[in-house]
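Chains: A, B, C, D, E and F, in written order; residue numbering restarts at 1 for each.
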């Protein structure tokens, strides 16, 4: 398959994944390991694509939560650009990861654009409700976001893939060390936003001690996430009756 | 006496699919998931208020008000809402604002639980299990997470919407008044908090490379001192600072992400991060 | 007014020894420890109802009904029973069935506690301490566990029968009504459950050797995947499946052990265990 | 001491240990380390006997609990046959362990026989109670089980020791690898029965979280049993007041 | 109506400094910190009872009675006391003995908390952080602990005396009656106990070098056996024995320290410690 | 700076530190790392002084608590004698530590003397109160303890430093191995006294389980003190409501 085709497929993939059709399905579709699968199929270099996908995935493991719809980082944009370029240019995994970082952050702004535009459809739906135009509501929910989404998403990824290779090669050699490292630091900080957002959404200050217990379990006792999850379920079950007590006081 | 209106499995299923497929697609800054929630109620509204256009309009508008929750376990709210609409259509003394209140009351806690358990914990755990496979070049490392995660979460959603519709019909008020729901939410919040702590420690990995050379030859490695004060001090500080900022100023998302970018680049440039 | 009947230390001691020596010897599927419990009451029955053959018969029969508990800490039930029989012999308004009820009520919880603490935890711990000695060929590795375990458990039993007899005499009802016994049993059950979990993890050691060769060269080691899902998944599954089966179908002991044999041999033959 | 004498002593030992005279005393007597002590005394090869006993003991450490009188495995039968044979044939510890496994399971059925027969004595006691025949009750509890027990236990171990050596030697070379491994698997699964039984006897489903906490402590945090025991006692003490709360709800 | 007497920030600050500087200096076996507590009240006493010499005397004597607490968090008692004296001087119905009672009631719990948290935990932790620096010959390893520890503890004290004076003025009784203070003390005690356990395990490091040679060649290392029974058995025994002795016989300090010396030297001489 | 000057400064330092002027300030001043700082300044051998100070400090880390004013060990006396001697004699850290132990214990008795004498001033204050002699009370609290303290503290340290060097050199070679080790044992046992005292002062037997939890966390789970402290704060916060429950029962 030639490069144009690859660029088109990636553009379409990015459009569809970020359309978020299918709540959890699309959430997973956005992940690098899934993007890698498609890149592997198209380029025929499955093993290499998966390896690079796994490397990029690691950086995005902590940012899968999107409380209030806000993503601290967009794995889909990062992956649909970095993986195909890395595979076709035979880049190694660390270089691919560094390449992915800025696009991950760029994706955030692209997503903010999407959700700003989406405000239009809800106003259309308000009017449809008045006229009992059921079809209109469905269209506002499914058709229009898809169409407009295509316009703002497909071009970005298509262009990056189509024109990007050369630019990337130049960039990779030109980019200063501190900037590369700066992207790494961003990658290590961004998950904090997602977790802070989630704590906010949970919204129970009195339960913060459990946050610290989980934190300490990992940093001091090297607990695995699964261990914390099981113990967490057990503790949650055992203390559930406190719900009423806390309420009272 | 007029004939009892009753939703069939069909309408509940339709509500399920509409919401599951579209709850993120039309998600907007203005009213988040209200559009899709309303859309998912359409089949039920058509059936329940078939003979009363005005009630249809009112119902549509009622479900176009602000709504947002985590979609997987949030389907339980759909179940309860369907049950309440049914009661209302059959003449029970349930006001539109009562329905809205219950939706609003439940959406917050369920968002917290779902975000921390379904998205922050379940998803990365499933991916992690298959990462070794992916690393070794095996395409299943990408396919299996997609299938398994989607299957598990859809099953949960499907179970909850039906279950809550059924339970909701028999005794919504009971359910809400006795402590059970409170207990479940409390327990789930405890779990969520612990997961957030564990995940913050695992995935926020910022450290400082700063070294200070003291006259006399010895070198102070700042990270060593930070570690002996509190392991994971910087990650913890990052999470808590953002949290604290959001508590004070609200979720000013752009400001936070901008600050992170500036701090990262500046910190890297000056060699302190 | 008739003279008060009072058991001496002698009868309590006799009850202790008879039960301690023989509680397993005559243990049968039909009524488990009822025979020995009855036998252990004989000295007291003879003394308390010395002048009333009919009461003696009734008492013997009463203690031949189903009884089973863990023998070491179960001696406390003997103590309480002796105290109640004494009260009854002195004319207190205690029916035979009241005595049976208390025996039956306590035997279950105490069995759970004793089995998990005395047998599942204390015994292997004591043996473990001396296994290094045994391994190095030292006979003390066999002798010391025998002496120490027997001594500790006998001491506990002896203490409990006397203590419960004494306390029981002054205020059986109090003891049972205020929450104390409930608290002790609850706490001990918590401990027992934790021990069972820890011991299951330590002693049930089944794993799978299965490897799947994927076209393309990479190999999937099933155990690695299971471990990344949940460490100790197979042992946990084994314990919980058996537990669940017993909850549903009762303790069909033969079926379970047979199944284990079949699964082990088949699993080994097919290379999946 | 010659082989016949050894076979007789082992037969008697097995009879006496499984008579269960002395509740915890006999429970310990059944353990391989104790059997090894006797084998060492008789054969004069104490060091070797103890080493082999320790090896077999490890396999039976998890099965000392016998809730409801049900043993998931019988260390006594396994030990009184495997240890003397292993010592006199100069077998190494792993071979002795493999030899022990099937007898451990066989012992379960022998024990079921014992407890089925024991039902006879309780019926005798019923009649003695009617006649106030105290002596009869004592005899039913102590004498008859001992006599009949001799008949069903002594011959098995005596024969296995007397005739077994040759057979064992033949067997050990003949037994296929998968069967040996199958026995090992059994040994690793059987303790599960004992623990499941004990959970059943405890019988409080609401306390299952503590089971999982104990489990996770060991598999994820490498906790030693003693550590779990101490923490367990502390937690038990601290939560004891919940007894009343749980009751209420 | 007479003019309200009111302490200014000045008197509270004076009380703070006098107590912080001198609470250990004049500490005696007879009445421990009573002298300095009294001294720290002088500025307030002068102001509040300016026109009544007798009340001044009474107040001085009242604060010369036995007093002892941990000085850092104990300043909170000063705050409360100042507030009560003020109320009393303004005619509130507060007896001298009420003031003494509250002082006495709080000093014990606060001593326990402060000793375990401020001295047993905070201080060694701060020192530990800088020990690597000191080891490498850096003088900051000595200077920074001095500055940081002093600053933290003084800040806590200063905050507490002012805070408790302010709160105390508005509602001493409230504060003491609702469960809050009890809860704080309870929680702090829990923390203190855990710290003591952890610190005992870290800093009491006694072990036995005893080896027993068994005929037959094998060697029993006693410490190995102790460890397989219970890790840290000797340190735990040491702490609990001393604790138990003090519970029985009171804090016979000389006896305990003498015994430790004798045991250490004898144990070393005989090769068992 | 010559030895006499060093001896004078150490004597003054010991006097001032053990005066305990400034509650936590003086508590830290007594620590070997702080003493080392001064020794380093005076001798000009800062690096060596700090290293030795750090070594001695380790032994005194567990004895910083002084419940009821009772010190289980006096780091200040140990340090103001052992550090200057070790530095000027070029001793290595382990030798300096051994040298410090007996002085640490001696310091306890010196401190008992101080607190016995202090009883005098409180009696003086009683009389001053009667006469409303405010100045007298201040003097009793600050001046007299300082003056008398000088007499009992300065000479000891001055002499030890002035005459000690030779004696120490002789001693170090003469002292038998078992006695050296005996001092080490003392050092490992003495912190027990401090902790036991503190438990006494806390005085809540029902909370002992938390003590064991802390202990087990360290010996079995290798928990660091900081981890226990954080978990401790969390647990303390979560169980605080039990205060009322416990009271009731």
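By our rule, a residue touches a chain if its C-beta (ideal position, glycine included) is under 8 Å from a C-beta of that chain, and two chains touch if they have at least 3 such contacts.
All values derive from a computational prediction rather than experimental measurement.
> List the interface residue numbers of subunit B and of subunit C, divide the shared ones by all numbers used, and answer same when the ratio is over half, different when under half.
different
> Higher C-beta contact count, B-E or A-B?
Ranking B-E and A-B by C-beta contacts puts A-B first.
> Calculate how many whole Å lie between the centre of subunit A and the centre of subunit D, each centre taken as the average of the chain's C-alpha atoms.
That gives a centre separation of 57 Å.
> Suppose each chain is reduced to the average of its Cα coordinates; what separation in Å results between subunit E and subunit F?
For subunit E versus subunit F, the centre distance works out to 15 Å.
> What's the distance between the Cα centroids of subunit A and subunit E, rounded to whole Å?
Computed from C-alpha means, the inter-chain centre distance equals 52 Å.
> Residues of subunit D touching 2+ other chains?
Correct list: 46-47, 210, 212-213, 216, 220-221, 223, 226, 230-231, 233, 235, 237, 239, 241.
> Multi-chain contacts only, two chains or more: what residues does subunit C have there?
128, 136-138, 216, 229, 231
> Considering the complex alone, what residue numbers of subunit B touch subunit E?
Spelled out, the residues of subunit B in touch with subunit E are 214, 216, 218, 220, 224-225, 228-229.
> If you look only at subunit D, which of its residues touch subunit F in the complex?
These residues of subunit D touch subunit F: 221, 223-224, 226-227, 230-231, 233-235, 237-238, 241.
> If we count contacts the way the header does, which residues on subunit C are in touch with subunit D in the complex?
Touch list, subunit C to subunit D: 18-32, 34-36, 38-39, 42, 46, 53, 56-57, 60-61, 64, 68, 71-72, 108-109, 111-113, 115-116, 118-121, 123-125, 127-128, 130-131, 134-139, 141-143, 145-146, 149-150, 153-154, 179, 182-207, 231-232, 235-236, 238-240, 242-243, 246-247, 251, 253-254, 256-257, 260-261, 263-265, 267-269, 273.
> Could you list, by residue number, the parts of subunit E that touch subunit B in their complex?
Touch list, subunit E to subunit B: 128-129, 132-133, 136-138, 140.
> Using the touch rule from the top, collect the residues of subunit A that touch subunit B in their complex.
19-29, 31, 33-37, 40-41, 46-48, 50-51, 53-55, 57-58, 61-70, 72, 105, 108, 112, 115-119, 121-122, 125-126, 129-130, 132, 134, 137-138, 140-142, 145-146, 178-179, 181-186, 188-204, 207-208, 210-220, 223, 225-226, 228-229, 231-233, 235-237, 239-244, 246-247
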